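Note that chain A is present in both complexes that follow, paired respectively with chain B and with chain C.
Moving on to the complex of A and B:
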């Protein structure tokens, strides 16, 4: 029996590692270990006012800070009977598009691409692929700028709140976003070209289930009140506990989720598998050209899905900014009750993020946050195990095995700070 | 002369400060040319554990493993800079520091399952365990402040950090005062550096850079109470980010509380 370790798992957000235990040529176990320290955020926000909770929970993660903010807003607004004005809703859509561009460009070009081109980092790619690294930085900077204009700051902006925004951006700023988004579409298309040109190994391929938020009005989108399960099922987001059924495992400070006892995938690939037929523009063509049955089995294709989704996000920014600019700044919508419960579901760049709240007399009694990476962990381990068994059966060496497993974990774009969210075990 | 050797490390937090370093985008390439980045696990794979001229440490410390790693970094680094509010003050995960109840909160989350990865404890700032040469708070840190600090530190000079509260920056922006309007704003209690971003969006400061230097917390406490604010709620609010720093400052507030009650 021997043990192979990848510690730390690099080019991911947060502190984790992979442990593979082998018995001869048999894989005993493959675990994605989360070393990131626990923070107990859900316990800390108990007793807080909803506005204070909204300052704290986005700090779970810097990369998807606005997804956390938005999921919390949706949950809290449902609980308090707040109906946001149209302009606020459009601003939220716009901020999510910005975060999507920021996160997908960071992951595809800067974190995942070095694996496919054989470099230890994007920094090392500067000599040979300098233009692509610069493209990535341009896209990321623009995504950040959209986040800054809408939320007030690149990371952890406080402008989005319950019932509306503190301040709405000027028409001039909105026009600038629109123009720059259109200019950057070719840089995102280049990412699609790169990720569609690679030869994806078959070793990790095994069928799984895909879950994503069902965007309203038959459109592709990043928030909604029900969840699509790839086999054709639609479930109310309030039923999130049944969809995720979490448990604690000894090798991780992050909890694990399964659905009907099976692992499932969330993320850009799940969104495109479930809603790809709703895409329009160049993103629709790119999806049609690149989609195949392999998407249902191979997690590495999530990189390609992220690149296509980035094209969609850029193509939709002009429409969002025009609609926002056409509306007058509304007053914030007020709470209509002091007690209630609600679940907010949004698509963070790496998959479904749930924030569930129960509020009593204006104070938070229960907060339950389930992050995309926590949902993906079992699925990552399942694909790593399959990959490991097949590679060993094929006589591959340990030196070949380790980077292959690392690439699988990285393809899910794991967000370890997020995953170290700690869900309550028992209800009071 | 060889380039200064730098290490960038993350512990318990949101990785936002490391992300802000990546967010330096176009200037990142210049930065990479000027220094030798020995370790930056979030950004690259070929990391080394050698001697360092400067270590930048993000996040609070909340497990035995992290503590071991932190001590190792300290032993290899000539200068250690705590970056971000979590490293400087503990951050949101340290908001209940010195109030007790950590074990109950831990059990509330994990139940009785024993987690073998490492032993966890309540999060504390970096200087609770090792010597910290400089503190650069922020949630997240400001890019400009970071880049200017890096260029000064690697040149062997001491960077300049703001020593006044958010109110000063807010006045520079000529914002109307939110506190005078009757909404609680943590500006007077909070260290500057963000550019008074929240008040500039008509939103009260949430205190995310932690306590300002030389904060007279008892004076502020009485002043806010006189203006009709619930001063204890305010302490809770600024503890959301200021953790260890605020906990230390509010230890001796009993006399003020007594006076306010009268």
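Moving on to the complex of A and C:
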């Protein structure tokens, strides 16, 4: 028996590794091991007031802090019968667009691109691709700025709350966001050009199921009350437990999820597969030009999906800012009941994030949080196993196998901090 | 002025002398990194925040979006020196402060969804700017813990020391 290890997995968020156990040319097992310790946030918030919960749950992650806040807001508002005013809803859409640009720019240009260009890191790329590294930083800076304008701070902003926002940005600030977003579209298109020019290896290809939210009004979007399953099903977000069937595994602090006993994918590729026909503008053209059946099988194409989605987000920021500027600042909507339950489903950059709450007499009794990376872990292992078996059958060496598997894990843009570093190869 | 500034230890004097030599006449920027939710891991941010009270345009923390700040500094038409401050496991006593070589950072840094310090330092270097990393040995980085006394002391020491350096190069 032989064991190959990648510990820690680099260019992902959190502490994890990959262990591959081989018996001759047969892959005995592939495990994505999560070493990041559990933080028990769901237990911590029991007995808290909903407003206090909003200060705690975004601490799960400093990357998708606003996704956590928004998912919690949606779940808590449903539970308490709060209907947010239109302007608040538009501001939430805008903050999610900012987070999407911030996260997708970093992952595509700085974390994934070195794999495809054959560099060990973005640092090594600086000499030949210095302009692209700067593009990434410009895009990330702008995404952070949108997050700051909408939420009050770049990380853990406190401006969004139940029923609305503490304050709304000035027309001047909104106009600035609109202008800067439009100026940055070519930098996002460059990411699409790069990721559409690569020869994607076929080794990991195997069909899977894709889940995303169903954004309202037939539009592409980052939140919704129902979930689209790529095989044609639509399920109410309140039925999230059926969709995610969580379980624990010995090698990981993170829970795992399957649907109907099978693995599935969430993320930018799932969003585009399920809602790509709703895209508009240049993003729609880029999607049509680049989409193929391989998207249904090859997880590496998630990087291309993220780049296209970044174009969409930047193209929609002007529209969102214009609509926000046209409305008067509303008062926060109030709770209409003190007890109830509700599930918030939003599209964090890495995929669907669920926050479910049960509230009794104004205090949280149950909190259940299911993160996108937890949902993707089984699917990552499935694609890594397929890839490993095919590469070994094709006479590839262990040295070739390890980076290929690491690329697959990284393509999912995993956030291990959220899910609770990466490859070990073991031969028997 | 803080007592530590009035009576610096030999180690503090040595550290200051080392930094003064590195910085030269360059405009100095202090960028604090870390996670305040994890006790001593927030030491870099604490240093930057305190310095910001006196030098708002020369001290920034992770909460200001460091990648954007570094991009802006890299494009400035001036001789600039960036001092990154972060908690790091130096295998020393908690509160120990040490300058860490850029090569050492690159060799050991596990990259995450943040842009790495190594990449930011390299970007600065390509733009003709220089930088270094000042590390503080943490005592506890447990989620939800408070900053420990030795690390609090190190933060105070660094604020005094870096105040002098930033003031000298910006006035």
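In this text, the second predicted complex is superposed on the first by the 420 of 428 C-alpha atoms of A that agree within 3 Å, B and C clash if a C-alpha of one lies under 4 Å from a C-alpha of the other, contacts with A are read in each partner's own complex, and residues count from 1 in each chain.
Please note the rule applied: a residue touches a chain if its C-beta (ideal position, glycine included) is under 8 Å from a C-beta of that chain, and two chains touch if they have at least 3 such contacts.
A quick note: this is a predicted structure, and the numbers were derived from the prediction, not measured.
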Between chain B (first) and chain C (second), which, if any, makes contact with A:137: first, second, both or neither? both
What is the contact status of A:153 with respect to chain B (first) and chain C (second): first, second, both, or neither? both
Under the stated touch criterion, which partner chain does A:103 make contact with: chain B (first), chain C (second), both, or neither? second
Determine, under the contact definition given at the top, whether A:63 touches first (chain B), second (chain C), both, or neither. both
Dominant contact partner of chain A by residue count, chain C or chain B: B
So, A:145: does it touch chain B (first), chain C (second), both, or neither? second
Please indicate which partner A:117 is in contact with in the superposed arrangement: first for chain B, second for chain C, both, or neither. neither
If you stack the two complexes on chain A, which partner ends up touching A:33: first (chain B), second (chain C), both, or neither? first
So in the superposed three-chain picture, is A:327 touching just chain B, just chain C, both, or none of them (first/second/both/neither)? neither
Give one of first, second, both or neither to describe whether A:126 is in contact with chain B, with chain C, with both, or with none. both
Both chain B and chain C touch chain A; at which residues? 8, 10-14, 39, 59, 62-63, 106, 110, 121-123, 126, 137-138, 140-141, 144, 153-155
The residues of chain A that touch chain C in their complex are 8, 10-14, 39, 59, 62-63, 103, 106-107, 110-111, 121-123, 126, 130, 133-134, 137-138, 140-141, 144-145, 148, 153-155, 415, 421
Applying the document's contact rule, which stretches of chain C touch chain A when the two form their complex? 35, 37, 62-65, 67-68, 70-71, 106, 110-113, 115-116, 118-119, 122-123, 126, 143
Please name which positions on chain A make contact with chain B in the complex. 8, 10-15, 33-44, 52, 55-56, 59-63, 65, 106, 110, 114, 120-124, 126, 137-138, 140-141, 144, 152-159, 161, 165-167, 248-253, 417, 422-426
Where on chain B is chain A touching in the complex? 10-17, 19-20, 22-23, 25-26, 28-29, 32, 37, 41-47, 59-63, 65-66, 91-93, 95-96, 102, 105-106, 108-111, 113-118, 120, 123, 139-140, 143, 194, 197-198, 200-203, 206, 208, 237, 240
